[in-house]
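Structures follow.
Common to both upcoming complexes is chain A, partnered first by chain B, then by chain C.
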Partner chain A sequence: MTELFDLTILGAGPAGAEAAIEASNWGLRVAVLDEASAAGGQVYRAPQFEPRTGPVDPHHAEGNALRERLERSGATFLRSHRVWDISMSGQRETPQYTVSTMGPSGLTEIQSRALLVATGVTERFYARPGWTLPGVIGLGAATAMLKSAQVLPGRNVVVAGVGPLLSLVAHLIIQGGGKVAAVVDVSPLSEWLGHVPAMMSRPDLLARGAKWQLELAAHRVPVYRGYDISRIIGTTEVAAVELGKLKKDGTVVDRFQIEADAVCMSYGLTPATEVFRLLGADQVFNEECGGWVPVLDDCQRTTVPALYAAGDGAGLLGAAAAPLTGALASLAVAFDLERISPADFARSKTGLDAKLRRAAKFGRAMAKMARPRPALMAAIPDSTVVCRCEDITAGELKQTIQAGAKNINALKFATRCGMGPCGGRVCGEAAAAMLECHGIKRSEIQQFTARPPLRPILLADVTRDFEYSDIPLPEPAPA
Partner chain B sequence: MNTMFDCAVVGGGIMGAASAMRMAKGGMKVVLFEAQQLGMGASGVNAGTLSLQIKRVALMPYALKGHELWAQAGDAVGFKECGGVTLAFTQNEAQILEERMTARMKAGAPIEMISGARAREIEPHLTDRIVAASFCAADGYANSSLTGMYYRQLLKDAGVEVHELCSVDEITPSPDQVLLRTGIGVIAAKRALLATGAWTKRLGEQVGTSLPIRVRINTVSVTERMPKIAKKVIGHATGLLTLKQSTNGTVLIGGGWQGTGTPEQGRGKVVPETLTSNLRLAQYAIPELAGARIVRCWTGFEANSPDFMPIAGRMPGWENLFVLCCVRGGYTIGPYMGQLMGDYILGREPELPLFDPIRFQENQHDQKH
Partner chain C sequence: MKAPLEHGNKAVSLRTEGESAGTSEGRNSFIFSFNDRDVAALEGDTIGSALWASECKELRRSPRAGGPRGMFCVMGVCQECVVRVNGRLCTACNTPARPGMEVRTFVLDGQKDLK
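Take a look at the complex of A and B:
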């Protein structure tokens, strides 16, 4: 008989892992899944081997502590599990979730009475000529590479885009023995300074950021603020980067080139909303939270019964707030499954709310940096590939929008943009920005319809061993 | 601006768009409303199969005409006449195949029965466990997701006033006009056509006519791009498999396996059990598919009538309301069906007969208002 968990948690990052620990403390039977081979998520990503020269990742110790606590919690941790489908059955008041996964021992289904989505964010890519060259990766991808495999993205790397990841990636490259050719930050200094009051809520993080700036200066790394990459140059690999001053309309002027063999570049983060879309949870577009976010009550409940959301995937708030929203979600699950009294619930909630208010202050400022900036797609050349799975250019998308495609799914139907293996995760924000540049609101642009599999799955993994007689052929329709 | 339209069309799929075009070309002032954007329902999410080997015998003359219209559309809809092979894997299926294909041949489809060995010559990646097969050189496919873009241009050229993302919330017919409460206000037209696929039942009830429409929730899957493994459209004797490899290398797998959901909920959901059976049948036909990666599975709503024949004619009870839905093989036949419907509303004799929904009404003689 299949085991029925109280709670399945998707994602073992700071929100999911903390939620698993908390829920286990409340006596819930918990399964927590992650695609990675260790818990930690993106921020606390575990190294694949112990660093030879001591840890360079500033989050190393915290990550290890989180993994140890999860290990001790009694929650069932299913590492290296990819979720490809989720379905809900049973009564509305007492639903049952079935999560279909591919794990190291093949396909499995996990059943539970509640589901918590803590799947974090995806990077926002805005296409630039040359961005599909080998050697161009996202800032988030770069942190994964540097923290986990401890491999440098290149020998001479341009780090570009927006937000606090710029400093982190540059720091990790320098500490790993690499050279940063330049940091190209879309935000002018004034934008950063505007956030200083909010950042004062976390003097430790502010000080760390300042230290990393000094490190850049010590290594004579040029930092261009209010600049953007206009082009990445190279034939089979990155050879140079063209950049210049960014104007409000998205054009880049006073351009010049610098040599580089790799580029780490992305333009903010946006909640990964596939599961909410798949299960039909109401969502709202809120650029202050990074884009589309699930509609939540004050305890992380979505509009779908027994479906909860926590961490940055529920709205960007940063790594400090993530464990708190995770804990809050677990508290709500424990209460909804009648494992704790209303009094215990209220007491714990008050405590968490207070902590969350403090943590959110810093997180909100960083989330603002990560917001969509559609103007950055306004001036790209027509020949630039936007959907790299299907080779769809900006010109084709523009033409289709002008011919009458008014939302992202109509654009997808007409051009194949977003139909490839990435499921629209790479091109979706850029395509939406292009629609927005044509005067359409994000609420009307909507999101790509989510379809299973949530990640590509091998056909043989679905069909497994079978005989022809195993296929139940229904009565055919009349001829 | 109280324009009186000659006809208001509700629904911007193939049926509605093709009918609207025909009427506009015939001199009518036509307005069309689509709740989503054009061609995003069944017209845009079906597997794109244009196979005469799976068409209803009684609809074969219509299918041959529809096929011609898609051929004329050509590259704009990704039309490919690649031929099609239909397979039987058991003696029983071979018998079904023989019977059904013989009937279709008699109805005018250029189909021939071939051996399993011949099928594998035509399509070398097929399994060697074929008991019998049939072949039709006229079979092919088109890219259904281009339907909306294709008709948007044609409707514009024909002078049809199109309102996308504009739902019709209420239809009030009276003997001399039809009022439609829409997203852009109340619109008056001398007559109206409902071409709303699986959503037609609800609209029919709203004007007091109960149409016996049932909804099927068909599943389609697509692989990522892969080396060439199929040149033809591959089918199964029962019709429970359609498979073709697009020019870009992706393989589309359909066959009418059922998902769940209702049109009112917006979209259906894939059911793991039926998906598994669908993919097993595909893999049984082409074993190399085992190594393909599935990128996406989805469902589309297909409206059906109890006799599996179209509902196409005057709405029972109303002189100035028309309905067109439930056309089995509607992707292939739709463009032609729209022409017939358009002609009928224009007051012309359609080239081939329509399918009067009055056949489903109990008291057929005292229905007219």
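Take a look at the complex of A and C:
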């Protein structure tokens, strides 16, 4: 693609899609990319087939509305595009971004004057014995399966971990005709109650949550609050789950087993920061925002010229706030590219700021739930696999930390933890928590270095059909 | 491993209720193969969703410990569901299933094939 766009947006979730719509309204030429085959991100994930016949998805109608608006906006939507590299060229203050993607028709490069990162979050996984068994999936995975594929995780499913995703997943399973064996929530009831005042800012969502709790009760689903999974039992698939009361030091006591054939689990969300790492944007560790977040000004600008961030990937604030930060970022881009007047900019910004303050109240309470809980890795048995790609165990990591590894990259070099095809996205939070359990601060633990390819791509796709005779040989130098 | 599974029979499918009750009108069904075994799929399925619905969750073995693995993140991040499709590596969770596709377990050099 030789076309120069004003703005490339990475991610067509609630933040990215809204940003694309807004930026198009401001007259910008916009390209928006997503790995998925439809816009909507995880919250508004589109069904694989319409009309959907599966469980009632509370976000389905909103998602379709967003997709329609994006369609009409005039922005170029590049679906099923996997970004594997990003580079900057030109002047430091007025750079040109080149985004390299692998799409349905092969490799493409997209050029633009500004780049907005709206890549959302990754789930935080804390390893548990048996969590590598087929049938154990993330909570986000479960929503994808139920909303998009309309397939149940299992016949008798344990839903475990933390945050509002627990009730959403349990609700979707029940609506889909499946059975929830138990909900195992790390947060004690007191933690939930503590957030009620903030949740009052969205009575609709609070009421929906309460309705889902009643639904669980009506289906006689045991809900264990202040409990955690200590072990998942099975040989080639899930047979049972061991759980018990969670103590402050991360140990699980009074354990017992329940039968189950699938487990959906994750322990919160953390912003996906690989693009900020790759491009060298300053970041700060902020537990209240889900972990590492880019340093932003009051208009979603990062510390790198013409690089912006929006949505949960810029700091957890939830799906209600995401379109607002997306719109704010687009406003900043339009202003920085001199497409709107300072007066228009100020007027629009004031409006968005007010809406954002309201939306953020609920979002912040949920973000607190999703925070890192390193103690949950303190009591993990040595034989547990932490890095799934490379089969690196907790014991190996512990040994390396005790031998002197002080940050996550030292741990990676010594053990290969995080070096596999997932790029450390699955094990990173668990490995960092283990370092934290040894008294090291997250600011010192740092993050895995991000290098291209950001997503695995096939060498054959890069080289294409290729013969040695295709290589242009320079003329030999005169003797 | 279990015998080939037919869609539409509630007892052997993990499709959600609306789907398995036969209300999936307009969604054509077709067959592809996984390790030479027939898998029933519905229009719109990914390779991963069709296999999961047929309760075939184990897709490969891990490289070092040889442990069973299957779909985990279902959004193209974790790479646990990598399979070979007509020889080419791809993630089952986000690759659309097509009639007649030959899907095989991704086996590393020196690793035993899934049986």
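What we mean here is this: the second predicted complex is superposed on the first by the 461 of 479 C-alpha atoms of A that agree within 3 Å, B and C clash if a C-alpha of one lies under 4 Å from a C-alpha of the other, contacts with A are read in each partner's own complex, and residues count from 1 in each chain.
Assume a contact is a pair of C-beta atoms (placed from the backbone, for glycine too) under 8 Å apart; a residue touches a chain by one contact, two chains touch by 3 or more.
Keep in mind that this is a model prediction, so the values were computed, not measured.
Student: Can A:421 be said to touch chain B (first), chain C (second), both, or neither?
Tutor: A:421 contacts both chain B and chain C.
Student: Just chain B (first), just chain C (second), both, or neither: which does A:323 touch?
Tutor: After superposition on chain A, A:323 lies in contact with neither partner.
Student: Between chain B (first) and chain C (second), which, if any, makes contact with A:35: first, second, both or neither?
Tutor: second
Student: Tell me which of chain B and chain C touches more residues of chain A.
Tutor: Of the two chains, more chain A residues are contacted by C.
Student: Can A:400 be said to touch chain B (first), chain C (second), both, or neither?
Tutor: In the superposition, A:400 contacts chain B only.
Student: Mind working out whether A:456 is in touch with chain B, chain C, both or neither, as first, second, both or neither?
Tutor: both
Student: Is A:85 touching anything from chain B or chain C once the two structures are fitted on A? First, second, both or neither.
Tutor: Once the two structures are laid over each other on A, A:85 reaches chain B alone.
Student: Between chain B (first) and chain C (second), which does A:474 come into contact with in this model arrangement: first, second, both, or neither?
Tutor: Touch partner of A:474: chain B, not chain C.
Student: So chain A touches chain B in one structure and chain C in the other; where do those two contact lists coincide?
Tutor: 390, 420-421, 456, 458.
Student: Using the touch definition from the top, list the residues of chain C that touch chain A in their complex.
Tutor: Against chain A, chain C makes touches at 14-20, 23-24, 26-27, 42-46, 48-49, 52-53, 57-59, 62-65, 67-80, 82, 88-89, 93-94, 96.
Student: If we count contacts the way the header does, which residues on chain B are in touch with chain A in the complex?
Tutor: Those in contact with chain A are residues 36-37, 39-40, 44, 56-57, 89-90, 96, 99-100, 103-104, 129, 145-149, 152-153, 164-165, 222-224, 238-240, 248, 256, 267, 269-270, 272, 275-277, 279-284, 289-298, 308, 328.
Student: What does chain A use to touch chain B in their complex?
Tutor: The touching residues are 85, 87, 100, 390, 400, 403-407, 409-410, 412-414, 416, 419-421, 423, 444, 449, 451-453, 456-460, 462-463, 466, 468, 470-474, 476-479.
Student: Across the complex, what residues on chain A touch chain C?
Tutor: Those residues of chain A that touch chain C are 35-37, 42, 47-49, 51-55, 82, 122-123, 132-138, 140-142, 144-146, 148-155, 175-178, 235-237, 385, 388-391, 420-422, 425-426, 455-456, 458.
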